[in-house]
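You will see two complexes here that share chain A, one where it goes with chain B and one where it goes with chain C.
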Partner chain A sequence: MKDYIISTGNISPQHSMDVDAFFNSRNETSNNFFNALEPDYAAFVDSKMIRRMSRIVKMGVAASTTCLRNAGVEIPAAILTATAYGCLEDSATFLRKMIEFDEQMLSPTAFIQSTHNTVGAQIALLLKCHHYNNTIVHRAFSFENALTESRLLLEEGISPVLVGAIDEITYDRHAILSRFGLYKRDSGNIAGEGAAFFLLSKQPGNNYQAVLKAVQSFYKADIVQEDISKFLTTHEMDAELPGLILHSETVYDKTKGKNYRVLKNAFPGIPEFAFKSLCGDFPTSSGFALWFASLLLKEQKAPVWMHGIKFPLKNIFIYQQDGLHHSFYLISSD
Partner chain B sequence: MNVPSFVAGMGIVSAIGSDLRTNLDSLCEKRAGIGTMHWLSSARHRALPVGEVKLSNAELAAITGLSARVPRTALLSCMAAKETLINAGWEKENTLRTGFISANTVGGMDKTENFFKLFSKNTAAGKLADVVHHECGSVTELVADFLGIQHFVSTVSTACSSSANSIFTGARMIRAGMLDYALVGGADALTKFTLNGFNTLMILDKELCKPFDENRQGLNLGEGAAYLLLSSEKGLKQLHKNPVACITGYANANDAFHQTASSPEGTGSFLAMKGAMDKAGLQAKDIDYINLHGTGTQNNDIAEGTAINILFDSGFPKMSSTKAYTGHTLGASGAVEAVFSVLTIQHGIIFPNLRLETPMKEFSFRPVTELLRNQRIQNVLSNSFGFGGNCSSLIFSAA
Partner chain C sequence: MDNLKEKLKVQVIERLNLKDLKPGDIGDDQPLFVEGIGLDSIDALELIVLLQQEYNIKLSNAEDGPRVFHSIRTMADYITANSGAVKVST
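Here is the complex of A and B:
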């Protein structure tokens, strides 16, 4: 099954809104969190509305608008958003005030914007788009399940589909997840965030980015080599191996991980890249990986800070893992 | 592929009963479940009527086998999901592909509220066990793991239409041949977060709600969970089941009017109902009953009614809102009302719209106010509309 990634829009800790800047410089952090480089939102939304929006909504609106502008599409046939944590900032604001003021004198604003579908709803509202609209909120399957649904919509003739992955770092999220031990100094794991949007179509159009060939998820403790070989066979990749592996292992502990070893054995000698070193760790970070893969396939060149990839580059395999959630992606240049 | 989705089993827990049979009896006996707050501990809003499930967390844990420390939404979800699988005759040993697609709006917020009491003063305080299941998806997984479903798990969250969307996600996956069974529906427990949220919007009725009444004052919040086991034809054979209904239509549209309010002309509602009918290949005259979203707010009922007035002007089907029984169960409501819609088909009965005294002056149609038996019901339309303009309609048809 081939679906075309017509265009993308991505706000991340990298210069992902400016392709030249992204290819020429890599943004790094010395903290254990990696905030997105946010654009001037005035280029996307009316300034009065911006003030009322939380960061996750602003990022989602700007990334989706960029994606649609890049494709020259005004109204998509469907809008799907994926978020693991939802609108944390507004949820916490309302919760704090509720506790602090003992359930009195509360304003509805934060509550209204706390629901998980706020980003998808705001995109629809700004576009006046009455079409299909759904929000998937299933941890590190949120984006994968939204993609699966998008592909089924395309099969039904609903096209083009706008689909995006969005999660935000908030003060509370960082404090809580740090207490769970996620960002220990020696783990190499840093918190991340971002909004990555894609316009998908069954038709290639004049200037598509890449081809989404397959997405498959596994809900279990560990993957085995057979999972990868079956996946490759199913998608007619038994004769050739992909030219690049993008994976979610962290930079430091990758030699230790069981899943990483499976990956290494399945793809001997293939160049690999740990994509979370660019966007940080969050359950919907596979959105960033898909954006990165699409860009490399489109541009057919590597950023100056990335080495060892042979061009022409035809196929990229993405491996996303978070707890019991494992996903494989196969992205191609045509 | 174009495989139909059959309803092979159902389960429900709501303010009017903790199983399918009790819910049906309550509906037939006009026994509403909304009343004084007992399990929810709101400091300031104790006077607000709510539709609570009449079981404590400890009782729910004892019945389901889950820990009493998990979010109440997971306990409710597990209770209804287990009943659904038993009702359908599905067992863990079933080798066909089963997915669990649930819905909720605030995940483990009841526990997060506890956590935040301490955490908001000192970020090193608060028990982590209280936030470990905060995510909506985590609540779903607690139940998926308990039931032993791992082929496909997902969670939808589109406010009050969440579980209508999870239902047709499952139907679509069966249709595409990706699943043989889809356990679909949703759950939401009452929380202080949602109660206070709706209170700030000033759409909560201080008395018992009166959906579609001229003098309606708002909604009452409720809680609950409901699921359907959707099955392909192949799946039915393995269950040795005759289905009671199938899903023939579904559609999702966005009102794109306001973050919380519906457009006065009911654009989203109209598009959802029309889309579902088109998908099912049905005309207005083919719809025998509409289970209204009918929350009892000024805004919802006028918008939904306006859309119905346009779509069914050639002849209005029978209709009622069952929210006067259960309260508005938010992320569970689409599934709760999907179960009620299938019961309607199964038993040939139409449930009354309770407490409707003065019909809305804007419309010539009148929701049903008395129980109707011996009805021949072929097609039922069920509406779920939510914040963010997310509007969904489902059509169930006799199998």
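Here is the complex of A and C:
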């Protein structure tokens, strides 16, 4: 099954809103969190509308608007958003006010904006888009399931579909998860955030970016080589290895990981890159990986800070892992 | 009364996150909704909560809303008329 990625829009800790800057410089962090580089939102949203939006909503609106502008599409046939944590900032604000005011006289704005589907709803409101709108919340399968639903909609002739992955770092989330030892600078595991949107179509159009060939998820402790072999065979890739592996193993301790060893054995000698070193760790970071893969396939060149990839680059395999959630992606140039 | 109106302007701007406005930009009689400052129904709810939290005044009749929240002056008049007379129900 082939679906075309017509355009993308991405806000991340890298210069992802400016392709030239992204290819020429890599942003680093000295902290155990990696905040997104946010644009001037006034270029995307009217000031009257923006005043109620929290960071995650603004990121989602700006990334989706960029995606649609790049494609020259005003109204998509469907909008799907994927998020693991939803609008955490507003949720925390609402809960704090519940405590502060003893569950009386609660401000409506934080409540309204705290639901997981706020981003998708705001995009639709701004576009005045009354088409199908759904938000998928399924931890590290959120984006994968949103893509699956997008592809089913495309099969039914509903096209183009705007689909995006979005999550934010908030002070509370970071403090709580850090207490569990999730984020450690010295192990390379840093918290991340971002909003990546894609316009998908069954038709290639005049200037598509890449082809989404397959997405498959596994809920298990560890992947085995047979999982990769079956995936490649199913999608007729057994005779041809991908030219690049984008994986989610952490930057410094990846050689210790069992899943990483499986990956290395399945793709001997294939260049690899740990994409979370660019966007940080968050459950919907596979959106960043898909954006990165689409960009490399479209531009057919590597950023100055990335080495060892041979061009022309035809296929990219993405491996996303978050706890027991594992996903494989196959992205192609044609 | 003038102090109350100025205080209300600051509170409205802060509560509704009207970053582009300064207290001096809001006229005492300028309509707050639609053609005036451009507030909407969610803002109306925020203003009701503001009255309760800051002035201990509960808008007992929802139909009074458009009249009470027409402008800063009408809000100030309502607060002055009801201050201390109506307690928040718990």
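The definition used in the following text is that the second predicted complex is superposed on the first by the 333 of 334 C-alpha atoms of A that agree within 3 Å, B and C clash if a C-alpha of one lies under 4 Å from a C-alpha of the other, contacts with A are read in each partner's own complex, and residues count from 1 in each chain.
Everything below uses one rule, namely that contacts are C-beta pairs under 8 Å (C-beta built on N, C-alpha and C of every residue); 3 or more make two chains touch, one makes a residue touch a chain.
In this text the structure is predicted, and so the values were computed from the model without any measurement.
**Student:** Between chain B (first) and chain C (second), which, if any, makes contact with A:206: first, second, both or neither?
**Tutor:** neither
**Student:** For A:47 in the superposed arrangement: first (chain B), second (chain C), both or neither?
**Tutor:** After superposing on A, A:47 lies in contact with chain C but is clear of chain B.
**Student:** Once chain A of both complexes is superposed, is A:107 in touch with chain B (first), chain C (second), both, or neither?
**Tutor:** The answer is both, since A:107 touches chain B and chain C.
**Student:** Could you say whether A:30 touches chain B, chain C, both of them, or neither, answering first, second, both or neither?
**Tutor:** Neither: A:30 stays clear of chain B and chain C.
**Student:** Could you let me know whether more residues of chain A are touched by chain B or by chain C?
**Tutor:** B
**Student:** Just which bits of chain A does chain B share with chain C as contact spots?
**Tutor:** 104, 106-108, 112
**Student:** Would you pull the chain C residues touching chain A in the complex into a rising list?
**Tutor:** Per the stated touch rule, the residues are 16-20, 38, 42, 45-46, 49, 52-53, 88, 90.
**Student:** Considering only the defined contacts, which chain B positions touch chain A in the complex?
**Tutor:** Touching chain A from chain B are residues 42-45, 105, 112-113, 116-117, 119-120, 123-124, 128, 131-132, 135-138, 140-141, 144, 150-159, 165, 169, 172-173, 176, 178, 192-193, 196-197, 199-201, 252-260, 267-268, 271, 386-390.
**Student:** For chain A, which residues count as touching chain B in their complex?
**Tutor:** 79, 84-86, 91-92, 94-96, 98-100, 102-104, 106-108, 111-118, 120-122, 124-125, 127-139, 141-142, 145, 148-149, 152, 155, 172, 175-176, 179-180, 217, 219-220, 324
**Student:** Quick one: in the complex, what on chain A touches chain C?
**Tutor:** Going by the criterion above, the answer is residues 47-48, 51-52, 101, 104-109, 112.
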